[in-house]
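Sharing a structure, written as structure tokens. Questions coming.
The chains carry the letters A, B and C, assigned in the order they are written, with residues numbered from 1 in each.
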Amino acid sequence: MTAPIPEAADVAADDTTRPPALELRHLTKSFKVGSESFGRASRVKAVDDVSLQIESGTTLGLVGESGSGKSTIARLVCRLLTPDSGQVLVDGVDVAEGRRRSKAYARKVQIVFQDPTASLNPRWKVRRTIAEGIRAHKLRPRDEIDARVRELVDLVGLPENSLDRYPHEFSGGQRQRIAIARALAVEPEVLVLDEPVSALDVSIQAQILVLLQNLQDLTGLTYLLIAHDLAVVQRFCDRVAVMRTGEIVESGDPSIIHSNPQHPYTKALVEAHPVPDPHRRGAWGIKSSTNGQGSVA
Amino acid sequence: MTKFVLKRLAHTVIVLLGVSVMVFFLIRYLPGDPVDLMFDGGDDEATAEAIAAGREAFAEGRGLSGSLPSQYFNFLGEISRGDLGTSLFRNVSVTTLIRQTLPLTFQLAVAGQLVNMLLSFPLGMLGAAKQNSIWDRGGTALALIGTAMPNFWQGIMLILVFAVWIPIFPVSGVMDLGIDLREVTHIPVVDAVITGNWAALKSLMMHLALPAITLGASASLVRILRSSLLEVKHQDFMDAYRARGVRERSVTLHMLRNALPTTVVIFGIRLGTIISGSVVIETVFAYQGMGWLLINGINQRDYPLVQGIVLTFTVFTALASLLTDIVHGWLDPRVKVTSSA
Amino acid sequence: MTDINDLGVATDSAPVDDLAPERKQRGSLIVAFAWAIVVGWILVALLAPWIAPHDPGTQSLVNRLQPPGTSGHLLGTDAIGRDVFSRILHGARLSLGAAALVAVFTSIVAVSIGLISGYFGGWVDAVLMRIVDIWLAFPGLILAIAMVTALGRGLDKMIIALVLAGWAGMARIVRGETLQLREREYTMSAQVLGVSKPGIMFKHLLPNIMPTILVVTALDIGSTILGLASLAFLGVGIGSDVVTWGSMLSDGRNYISTAWWVALFPGLAIFTIVLAVNLVGDWLRDRYDPRSPFRRAKLDAAMRAAGEGQLDAPGPAEASRVAGDGTTKSPDGGQR
């Protein structure tokens, strides 16, 4: 079903078909720590000369422990932060052209946050939350918004009566589906997933990941998946990049990374996270499926 | 610590500059042309030209001519030299008037603060120590009542009871007439003590009593003191002390010491209330301090005087605030860390 | 500069050793009573022209300084024979009406500035907060007096003056709240979604700071009423031609030795309404202010019971969150 997975070495070579959906070039971002005035403002490099490419319709997993800078990358990519230097390119176009965060950019890159409870406005009904993006970009005339919202809710596998309920009436997994629906509402090309399943129960994690996979198959979305759990990355990603203290230390095919990690840090990471045998079928065994939530059609 | 002090100092300087701009504009913004308001046309028979010339001269003399920025810089220059202008009504320099009245307000403010502490501390501590007891409830109720009562009403009622019905205290004024007091520091109470003039001291105290009580009773520290003491009391390290068997009395002492920084800050914040309160209370008691003078000045349209007093009050408040901040920072090291102006 | 809100000390709701049920009972009785007083005065203010036995301005030199209980004059008459009771009823209109107007306009100004300052951050925030500092450097009443003096006499000017004098404190509180809410993930989601800045401010931030605004306004009304009365007493901005409790007290001061009732009753009126309003404000704060530890505790307990975790609490990742422009801000939104 998927296109052949390019080896890390191949990608740098000429890509005659199209530019990568998302590319980061020498991205650097540091933060001030401690008191700002009267000198002695030390800076911490959260992201240090990071470069990545993600081909359209594929998933890149970004792994690392807390503090490695992966969340900062997420924020840089969706422009909640501006980099100190370096570029973010979507479809080969530098996004920094024009204003800091132009509205059109929202149609290119969207984000799903880790904590679905915090990312949904508790006072808003689900309907309004999902419709927010549609309204902001005027993607549908007013009388069609409702139909579109119903489409989206169906797409993420939630019943239609969810629309008139409030976030607190749902479970964590369901809230995450709402968040995904909201992000899809503006029809982005790239979806940044900042640890989308870390806050969920293990059994639910699989469902959400399957949903995401199905959506990708259906729409050709490109994913930047940030996670700290190698198992998740293993099953789901076409390529993996490992981050540590702001830098990418290793990247490549997930199974190769797992079986033959090069960098000592990656080795440590792999050893710390036992991954179920990828050749054994089970809860994790099937990558794309029609069981569980969401149908491809 | 030095960095902290310097930062606070710089901040205060900026704020005071802003204050001077505001005061400058407030007076310039008076309805009608300030020059017309202040300039007495002079002799009715003078020619229109002479009047116009006189007006020009007056305006220049008072720094009311020229572009606005230049007026402001003149203003700033004068202030820094201590020249606050001349009172329109009394024809004396504003600075002199302030110098005469400031000590009186100062002694009233200090007396008021003392009364406030005497009232608030016992009530606050009792309330924290015996939470929810009748003492606590009563103290809180008293505090609530105290803040709701208009201070001028309190003053008037005190006059009614303790000066009219039961004539213990005098109704108004600073000191009985006919008593001579040699001035050393210009603060009457201090001078009376220094010169051993007990008659004067007694008179001063009697006149100070009711205003000070009124001033002290309305700015209430009780609830806040109680809250901050309770916060400390309930913190874990206090239980640790108790668990180790430290005597309850020492525990209380620790509690006090930890609540001290907050109390100091509240003190400083209440300063503004005390100063505002003194304006009203001096009027009630016809106590001729700076607040009383301010109201007089307003009623007499004596704008240089009003400007000078507002400025003086504010500068003092700001400096006292600065001092409080520094003491707070010294007492509670956490303040310096979170502080980044 | 240090501000009471930066201290993290809840001024009135402190942790309790135990919350005895009778205490809560008795507490709610008092609150009910306070509400009754507030409603009562509001009715008085609205209906004064109809329920007052006399016209507040009618003078009668024959009838001057009559003690309370004199026929037709429940609370006596003042120095020029005007009925004290009627004047008190009419005085309520000004005290309450003007205070309400001041409260409304102050909120509007404070919220606008606070929202903009908190949301945009950067130099906008720095400048606006410096201005707030300058405003707050003035002792409260003094600033009001200065403003009133500058603007001139008249009720409308006095209201404007009080709004100008009093917006700064609330603005700072609003800014603090905004800073916190700005870091909430639903706000950031809205940003990424492409919602415009004003859109975010109106749709996400404003509704969530409303409870705080209402509580702060309610708590401030008491001091607004006192401030108005003080100004009237001092004769600044309003003369005794208008019926105000403050000016009644000012007159009463002059006759204190001979006619104590002229001063007692207006003061009593002010006292009762301010006390009632303060009590109601406290109750509102305990119930509705999201910052009040009292409420937070109750809310958390309720949510935990429902198995939902904490509603509206900052997400786990938020503790290490940095602000959008890369600088670190202290979590309590203190102006530092």
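Definition applied: a residue touches a chain if its C-beta (ideal position, glycine included) is under 8 Å from a C-beta of that chain, and two chains touch if they have at least 3 such contacts.
The model shown is predicted, which means the values in this text are computed figures rather than measured ones.
The chain closest to the protein's centre is C, with centres computed as averages of CA atoms. Taking the CA centroid of chain B as reference, the farthest chain centroid is that of A.
Inter-chain centre distance (chain A to chain B, centres taken as mean C-alpha positions): 59 Å. Chain A and chain C have Cα centroids separated by 47 Å. For this pair, chain B with chain C, the centres built from the Cα atoms lie 22 Å apart. Touching of two or more other chains is recorded for no residue of chain C. Residue positions of chain B with contacts to 2 or more other chains are 340-341. Touching of two or more other chains is recorded for residues 36 of chain A.
Note for the complex: chain C touches chain B at residues 1-4, 7, 9-18, 20, 23, 130-131, 133-134, 137-142, 145-147, 149-152, 222, 226, 229-230, 233-236, 246, 249, 252-253, 256-257, 260, 263-264, 266-268, 270-271, 274-275, 278-279, 330, 334, 336. Chain B makes touch with chain C in their complex at residues 8, 11-12, 14-16, 18-19, 22-23, 26-27, 29-31, 131-132, 144-145, 147-153, 156-157, 159-160, 164, 171, 223-224, 226-228, 230-231, 234, 262, 265-266, 268-269, 271-273, 275-277, 279-280, 283-284, 294-295, 298-299, 306, 310, 313-314, 317-318, 321-322, 324-325, 328, 335, 338-341. On chain C, the positions that touch chain A within their shared complex are 184-186, 188-196, 199, 204, 207-208, 308-309, 311-318, 322, 324, 326-328. Only residues 29, 31-33, 36, 71, 78-82, 101, 103-107, 109-111, 113-115, 117-123, 132-133, 136-137, 168, 179, 182-183, 186, 199 of chain A touch chain C when the two sit together in their complex.
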